[in-house]
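Look at the two complexes coming up: subunit A is in both, with subunit B in one and subunit C in the other.
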Partner chain A sequence: MFAYLLRRLFFFIPIVFGVMLLTFVLFFVVQSPDATARRVLGQKATPKSVENWLHNRGYDKPLLINHTPGKPWHDSLFIHQMGRLATFDLGTSDVSGRPLREVFAQGVLPSLLLTLPAFLLSIALGVGLALYLVFIRNAVVDLAASLFCVALMSVPVMVYVIFGQFVVAQVLNYFPAFGFELSGWSTPKFLLLPVVLMVVSGLGADVRLFRALFLEEMGQDYIRTARAKGVSTVQVLMRHVLKNGLINLITLVVASLPFLIMGSLLLENFFGIPGLGNVLFTAIQAPDFAVVQASVFLGSLLYLGGLLLTDVCYAWADPRIRLQ
Partner chain B sequence: MLSLRNLRIDFGTGPDRVQAVKGINLSLGAGETLALVGESGSGKSVTGMALTRLLPEPPAVYAEGQILFEGEDVLKMSPAQLRKLRGGKIAYVFQEPSTSLNPVFTIRNQIAEAIDLHRSDVSDVDAEVVHCLDLVGIVDPAKRMHDYPHQLSGGMQQRVMIAMALACRPQLLVADEPTTALDVTVQAQILDQMRELKQRLKMAMLLITHNFGIIGGIADRVAVMFRGDIVEEGTTQEVLQNPQHAYTKALIGCIPQLGQRRKRLATIDHSTLG
Partner chain C sequence: MKSLDQIWVQNLSLLTGYSLLAGLIFWGARSERWRSAWRRLKGDTVGLISFAVILVYLLIGTLESIAVPSASGSRSLLQQLTRSIPQETSYAAPLASTALSLSDPKPLKSRHLLGTDALGRDTFVQTLRATRSALWIGGLTSLIYIPLGVLLGMMAGYYKGWVDDLVQYVYSTVAAVPEILMLVSILMVLGKGLGSMSIALGITGWVGMARLIRGETLRQVERPYIAAAKAMGQSNWKIITRHLLPNVMHLVLIKFVLGFSGLVLAEAVLSYLGVGAPVGTASWGTMIDASRSELSREPLVWWNLTAASSALFVMVLALNLFGDSLRRAFDPKQGA
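On to the complex of A and B.
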């Protein structure tokens, strides 16, 4: 088990390196450091100030490999940045100059306040409703619910956002449609609508998926055995179906955990929540390569961590699986 | 103890309806063993499952008849009564032990589940589980009971299934192709074990099988099912030695004999059976 984890952690290195290389190339193909500097400094920037700006950030070095005679080949922008990231030094923002460690630390809490409740509610509601639909399967309600789920899935997220903001904030004038405040009761007031929208927009797909998973379990031989023992339908669902279905659920659920930290690009932007999703969105528009690079770095580490966690949870839930 | 009266079971309704069991009569006394023999699709498993209404409804429909167990009609029982009947009075052993045991629970938990449901008299559940596993010949049961099904061989898994079925001292054991998924030497061991336990625990047994070869030493009576009907019924000896119905003759003819000269194995020609 320990050896397995160590081996998997070792594989993180080439994968993250590849991701970073790809991000680097894509970003500097789209826009040269020179162009970024001019955009950040404005139209009236002197060649001298542009040069200074580039030099301060190391952007005046060759991009990937240094071919200049007399200089070591590894004296390049990309390799310097990789060396920095390898020590988990995220650097500073290209635009504001603020240390990124600080920027990210500030964004994590608002992101989690939005995504964590939405995530927990989605799972609880999705699993609960799916179990209920399996319990009453083939009834009219089951069919109606399936249709309703398809309807929920078919509506684009944007429609939910606009509709929600209009009805709740404009018509009912119940709570604010935009903004964020990290103090006492005003925080849940700002978060309620985006959380509800996040849950509703994903619910249809979740319920249908979970229902299919559980129905498949219901057809297994060991469910027949349980029923032949005299186990009630509710107990069959709660013990036998749920524990077996859980193994399939884990892949979906645990792998999505890291994304909770990175926040929601769309909802944070539309509701003015200063989370990590918003930070990344602004950085892509700026453009602020340092922020994008650090986000991708953290994001890929979190993603790989999520996959590893999935494997560990698999082994925990299913006695047939051993990590070697 | 058990009697089926004109039992008819359909699958589906309307024009797509299929009659799986076409009004059969059958009875089984306490302690008696009846073999229900027939090929795939003859309705024998459906009949076995119907005894405690295990068939999923829909699509199954109990169209006609009665299933009387100790004078009470199973088809009129409430869900709570049915749960008491299942496992408590009528227990099952199914064909494929590797898929019939839940992979994510230890065998202790699966046997204990049955004990918890039906035997309020048992205070030490672990001791009772050990006793049940010991009964079916599992070596070192106190240690083995913490195993998961995948850690056991097929024969051991089937023994666990039998232990689970016997845990609540049922009056009737329905064994639906209990040895079909096992290899021949293990088949013989399991059948011996079942014969011995049946006598020791004085329970009745309904042995559902397609294989005339295995019923000889174990069944008192045989009923032959063909296309949802019982076509022949009698003591095991009568039926094996002097089969009346053409289908029974054909089915017995399919058993390969040891020491026989090499020739084509017999098959059943359905066109001649009408």
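On to the complex of A and C.
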């Protein structure tokens, strides 16, 4: 198993390199460093300040190969950027100049406080509802439920948030509409509404997916055997369908586990939660290209981590699978 | 893209898009699989209703997309048809006779079915006009990602070997970047606009299509008809276009319809984030963005948000339901 995972990691190297190349082309070739400086510093920037900004960040080096006599050929923007990312040096913010490692580290906890409960809750709720639908097996209820799921999926996230924030916080005056505090009992108060909204906005898709998984399990031979033995429907569902369906389900959802760190772009901004989603949102508005570039790199690492987790999960959940 | 605003470019590309779609359907209609799917679809009430709703949206979007010459350059056919509705100076509630102001409720020029926005424009007309952005994003992006994804997917599945490795490597790399980050980075660099939004969505969108088509192609090449075509000495290219393509085309159609709803939603979210539709282009995303502050006004302004999100919701819902109906019609065994 260890050997397998090591080999998997080895195969990730070209993909990480590809992502690095992609971000370089996007942020340094399609948009020249000069243009970046002008957009970050604004219209009124003097040529001198643009030059300083570029020099301070090392963006004034030649693009691919340094032809200047007396300088080594590898003293170029491309080599520097690649080396920087390869050593996990995320650089500094274009706008505030703060080291990005610090900025990101600060956002992890608030993001996780929002996404982790929402993730667990939506799986629990989704599994419960899907099992119930499989249990009653009624044509009318099935049609109504699938219509309702599609309807839930068709509402854009921001509409959920705007309506939710308006109705619960402004009309009913129930929860704080905005803000965040990392201290004891006031934190859940701020997080309750965003967590609920996150669960609701994803519920339609979850129930649909889980129901399909459980229905597939219902069609298996061992279910027929269990029924023929005289096992009751509830027992079949709990002992067989749920247990076997959960294996597929866990391997499916585990890939999105690393992304919980990234938080939620829209929700965090709406509710003023200082997580990574908010960092990114602010960077988009600024614009702060360094933050976006670093997020792309980190995001791809998280994705690959998710793939690895899925493999491990498969082997753990299904003993027939040996990773070699 | 500025060129979209020129009369003839706009009308011509509209015509091209529709002829492509019509060609696809006529070409597909020759096969027995498509005909039996159509027969099944005719008995599917939900599918037919959602199809009718999509047609209404298509009609509205087309009216807004056809440019006609006018005194001030050009205007859309929809603007021409609704020119009798006057513009007010500020907010007006639905069907109200006076402007929305506590201190100075002036009489309005006319009543407005869904009220007016901050600039006094009729909300109903604005909502209808925004259909164009959604349809253009869906259409243009589909024109980019479908040919790319289908071609690369079929080549990977048919040739296997290094072609497959290369295609898989490229799409794994693109898929490794979370979609929203990819979209935002591309749009930040390319700038706002319907054209750049389509390019960005096309770059992220082809991955799913290529994966789907590659998988199906791998299954199809094992079938005897491919071996027969090879034995008859047909060239690889002919096998791909004449034999493989018709057999994966129904998957493309289903993915196209379901993908369209995702694209319409993406357009709204990106416009909301401020990297999507440019200023001055009617879009449901920008309408929702603008209405965010209106909910805290006194008196409350709710009609802009409601109109834009309902229009968006109904369109996405119709596309999702119709896509599901199509899938059931093409593959009755799989069920819901």
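What we mean here is this: the second predicted complex is superposed on the first by the 290 of 324 C-alpha atoms of A that agree within 3 Å, B and C clash if a C-alpha of one lies under 4 Å from a C-alpha of the other, contacts with A are read in each partner's own complex, and residues count from 1 in each chain.
The rule we apply is simple: a residue touches a chain if its C-beta (ideal position, glycine included) is under 8 Å from a C-beta of that chain, and two chains touch if they have at least 3 such contacts.
These numbers come from a predicted model, not from an experiment.
Undergrad: After the overlay on subunit A, what do you see for subunit B versus subunit C, clash or fit?
TA: Aligned through their shared chain, the two binders fit side by side on subunit A.
Undergrad: Just checking: does A:L309 make contact with subunit B only, subunit C only, both, or neither of them? Give me first, second, both or neither.
TA: In the superposition, A:L309 touches no partner, neither subunit B nor subunit C.
Undergrad: Given the touch rule stated above, what does A:F259 touch, subunit B (first), subunit C (second), both, or neither?
TA: A:F259 contacts subunit C only, not subunit B.
Undergrad: When both complexes are superposed, which of subunit B and subunit C contacts more residues belonging to subunit A?
TA: Tallying touched residues of subunit A, the top partner is C.
Undergrad: For A:P14, using the defined touch cut-off, is the partner it touches subunit B, subunit C, both, or neither? Pick first, second, both or neither.
TA: Touch status of A:P14: second partner only.
Undergrad: Applying the touch criterion given at the start, work out whether A:V231 contacts subunit B, subunit C, both or neither, answering first, second, both or neither.
TA: The answer is first: A:V231 touches subunit B but not subunit C.
Undergrad: Between subunit B and subunit C, whom does A:L209 touch in the aligned arrangement: first, second, both, or neither?
TA: neither
Undergrad: Taking the superposition as given, does A:I247 touch the first partner, subunit B, the second, subunit C, both, or neither?
TA: After superposing on A, A:I247 lies in contact with subunit B but is clear of subunit C.
Undergrad: What is the contact status of A:L192 with respect to subunit B (first) and subunit C (second): first, second, both, or neither?
TA: Neither partner.
Undergrad: Once the structures are superposed on A, label A:I284 by its partner contacts, choosing first (subunit B), second (subunit C), both or neither.
TA: A:I284 sits against subunit C, while subunit B stays out of touch.
Undergrad: Once you lay one complex on the other using chain A, what is the shortest C-alpha distance from subunit B to subunit C, in Å?
TA: 16
Undergrad: Over in the complex, which subunit C residues touch subunit A? Could you list them?
TA: Of all residues in subunit C, those touching subunit A are 46, 169-170, 172-178, 180-182, 184-186, 188-190, 261, 265, 268-269, 272-275, 288-289, 291-292, 295-296, 305, 309, 312-313, 316-317, 320-321, 324, 336.
Undergrad: Mind pulling up the subunit A residues that touch subunit C in the complex?
TA: Subunit A reaches subunit C through residues 14-16, 18-19, 22-23, 26-27, 30-31, 142, 146-147, 150-151, 153-159, 162, 166, 170, 212, 259, 262, 265-266, 280-281, 284-285, 287, 289, 292-293, 295-296, 299-300, 302-304.
Undergrad: Tell me, which parts of subunit A touch subunit B in their complex?
TA: Residues 138, 220-222, 224-232, 239-240, 243-244, 247, 317-320 of subunit A touch subunit B in their complex.
Undergrad: Would you tell me which residues of subunit B are touching subunit A in their complex?
TA: 52, 54, 58, 79, 82-88, 91-92, 94, 96, 99-106, 113-114, 117-118, 148, 150, 161, 164
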